[in-house]
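Same chain, two partners: chain A is paired with chain B first, then with chain C.
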Partner chain A sequence: MIEKPFFVGYLPAPGPLRTFLLTVSILLIAGLGIAGFLMGAAQDDPGPGAFRFDYGRQTVTGVVELTPYPILHVTQGDDRIQPGDSFLMTAGGKSGVDSRAEPLNGQLAQVSGVVLERGDLYMLQLRSGRNGLQAAEGDAPVIAPEPQGRWKLAGEICDGKCLAGAMRPGRGLAHKACANLCLLGDVPPIFVSTQPVLGEEFLLVTGANGTRLPRAAYDYIAQFITAEGEITKRGDLLVWEIDVDTIEVTE
Partner chain B sequence: MSVKYIPVQWNRNKWIYDAVMLTGVALFLWVFLYLTPEVLSHEQPVTAQIHNARAFGACAFVMLTVILCIGPAARLDRRFLPLLYNRRHFGVMTAFVALTHAGYILNWYFAFSSTDKLVGLLYANASLGQIAGFPFELFGIFALICLLILAATSHDFWLKFLTPPIWKRLHYLIYAAYFSVAAHVSLGILQDQKNHVFTVLFILGASAVIVLHIAAWLSERREIAAKDGAWAEVACVGDFREGYAKIAKLANGDRVAVYLMEGKLSAISNACAHQNGPLGEGKIIDCLVTCPWHGFQYDVRSGRSPAPFTEKVPTYRLRVIGDMVEVHPDANPPGTYVEPVPLPEPPPDPARDPAEQGATA
Partner chain C sequence: MNVAEALVMVMQAWGIIGAVVAAVFLTIGIDRIDADARGAYIFRPLLIPGVLLIWPLVLWRWWQTETERAAWAERYRPVRASYGIAVVLMSLGIVAIVTLGLSVRQSWPADIAPLQLSEGARQ
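Coming up: the complex of A and B.
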């Protein structure tokens, strides 16, 4: 009977076993390297969203409107942001600018910050305090809302800031807890529609009758859903008042 | 086998073991972190913190898979036993890699909020009543706690303090950790992947763990059938080899290693006093049974480690009835001397040609 090599930890490995262990060691190291490559190279494209620090700081003036999430309808732009544009605003981190915007509802204000951009979606992360948002001189034009009727949409509710590029990827179920924290911090929620709606892929999503996104909708964040609600055009931004009772999870 | 505690009793084999494992882990992380961004043609890169978190998370999963494959692989093929020798160090490495993953997640996804990071981790997603969107982070937290407990109690101090049976049961937490990691991955990143390469690798890894465990269990079941009666059958007289053991499984689930040394049979518990290693898979070296896991040694007649060491294992009574060696299921107290039983000559094999028998006599 052939003597099988017997390994004792504190003694040198028997000769026949050394070749086997050397082979196993090489295969193990190579296997870990290959696994690292395959897993790393299999990451999905996180999309084109990003902070646009390369644009420099943007300072524009416009009318503040609470939907209840604050929107700025630009009246005086700069080389990148044109008069007539409407955009959402956020503070640094997972915070909105509601407390700063509420006293200026319906008034002219000057805002300053850095752009977050993802395709047609962009928002401004404002500088802190009055440097980011302050009242401006002049008469504020009235921005009339344009009702677009009741729509049933399919898509995903995300937090607007991560989606716009604060995080890549900034959507999906793995990002759900982060999205919830952002929304709890008053970052505006965005609905990403699977099909363009009135030419737009991204809609600001609120509760019915101009309320915040109901907590009941938080269970559905980052999932593909269908739901119904009224769409209103405010400036060039679509606002969808989601009816949470109609939410259905889809495949 | 020790008379005093030394933090880590290093030897050449342990250095080589750790070097191989660390090289593999470093290669995995280097390739994931620095090589793959070059081949991904994304318009905007994955955020660095998320990329890092993914690298360490994926690495921890692979390491855990390797750890759980080593045990059954060593059962199926004894040449893998050296991989078991210093597995504890690899386990501690895994805990650190998993902790780094958790650090990146906590300090990125749950940072920048007015809510405390740890509070946010437990509170942000409360969708406990659904599968899609379930707070998969909870499984990750549980797995990390398990890994940290295992790493913290991996030292021989805890083995001695808790006693081997309790220590070993505690370290079965590795299976709870792996199951939890599988749930963490399945309900988390797998829900979002469009590229399914990671999914395939994940399934392959988890399947390898399951298949190897089932194969080892079946193999063991085939080799050691449960016996009934007061005396349990071990093996035929002719099956024994000088310096090696046959393992018998008793009706109560315990295993007995029956060794042949210098033509005589002795039986001791199959569980090493160190880490419950399989003594019956060891061999006699310098007249002492040597455990295949960490080299702990015992006098096969008394179950005692040679002085100055103090480890003891139970011994058993043996008898030979006809051609069959049998063991009594009642264990003697650890360290009890039992007179070895001489092994009779095996009867001639009737299947062999008488002429051949004569030629070889």
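Coming up: the complex of A and C.
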């Protein structure tokens, strides 16, 4: 009768079991390492977006406009943010600044926060309360919208904050649930176009006639789609009023 | 109802049934099939999460033990015969899910250019 090797925890492992254990351990560790590498290598590049704490706190003044997502058209900038720029704003976490911006619509306001930057796109994560957004003295210039016609675009709807650098990856299916939560929290949605539109790769996306992005569009967030809608230039920011009925998922 | 809503509904139904099974089994059933559990109550809430998850197995084991359908030893033997197959199938399932996920992934439609359908009012 052949004796089967038997492992006892407080005794040295028997010879055949030792070989088996060593082989399985090496295969398991190497296999998991290789699997992790392959899955990581198969992912898309998350891009260069990031919080720019190295820029320091930015404090600028400008005109608040609700699209309905709040935009600031800068009238008095600093060394990084120039007068004439238009940018989106967000609060900490998965929250927008709508409730703070609404009373200041069309008025001059001072905003303060940290920059999130991804290529040409940047937004400001505001400090909390009045430290982040408060009315400023002076007359607010009128920012006239410039209609750019109806366009059919291809690309992806993302939440602006994560796309700009709050998360890596800040777009794609792996980020869909996070993007939806951000949008539910009033973070402005951004459309990433496959090719530049009027010189811009990123557009603020809203519903038709200046409404919020319809809930029906949330099912398509993080998927690659085509859709139609009117584009309006507000300051130096393009706003795309997406027609949800025209959304089609690409191959 | 979309796929996500269906998944949530299935999980809710599973959990509700599991809660009912846990309530009945931990107050009535366990006393009937396990003499050692009689008079002991503090440990029972600890079993609730497990019963919520595997309530079909709980019901099956309860029925087997209660009706004495299987031999005595079989009734108390853990269900380990299918563990090996389950491990292999779950391992293959993980590989299949990852492979399927990567293969049906959309590709970035870089070749679709923006198309202007009409001009703006002031253009």
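Here, the second predicted complex is superposed on the first by the 207 of 251 C-alpha atoms of A that agree within 3 Å, B and C clash if a C-alpha of one lies under 4 Å from a C-alpha of the other, contacts with A are read in each partner's own complex, and residues count from 1 in each chain.
The criterion applied here is as follows: a residue touches a chain if its C-beta (ideal position, glycine included) is under 8 Å from a C-beta of that chain, and two chains touch if they have at least 3 such contacts.
In this text the structure is predicted, and so the values were computed from the model without any measurement.
In the superposition on chain A, A:226 makes contact with chain C only, not with chain B. Judged by the touch definition given at the top, the superposed model places A:250 against chain C, while chain B stays out of reach. In the superposition on chain A, A:210 makes contact with neither chain B nor chain C.
Contacts of A:6 after superposition on the shared chain: chain B is touched, whereas chain C is not.
By the touch criterion stated above, A:77 is placed in contact with neither chain B nor chain C.
Once chain A of one complex is fitted onto chain A of the other, the partner contacts of A:20 are limited to chain B, with no touch recorded for chain C.
When the two structures are aligned on the shared chain, A:147 is found in touch with chain C, with no touch to chain B. In the superposed model, A:33 lies in contact with chain B only, and not with chain C. The partner that reaches more residues of chain A, of the two candidates chain B and chain C, is B. Overlaid on A, the two complexes show chain B and chain C touching the same residues of chain A, namely 39, 42, 173, 219, 223, 249.
Residue ranges on chain A touching chain C, taken from their complex, read 39, 42, 146-155, 173, 193-197, 219, 223-224, 226, 228, 230-232, 249-251. Those residues of chain A lying in contact with chain B across their complex are 1, 4-13, 17, 20-21, 24-25, 28-29, 31-33, 35-50, 92-95, 165, 167-169, 172-178, 180-182, 184-185, 218-223, 249. In the complex of the two chains, the chain C residues touching chain A come out as 2, 98, 102, 105-123. The touching residues of chain B, counted against chain A in their complex, run 11-14, 20-21, 23-25, 27-33, 35-37, 39-40, 42-47, 50-51, 54-55, 58-59, 62, 66, 78-83, 85-86, 108-115, 120-121, 124-127, 129-130, 132-133, 135-137, 187-189, 191-198, 201, 241, 282-283, 285, 290, 292-295.
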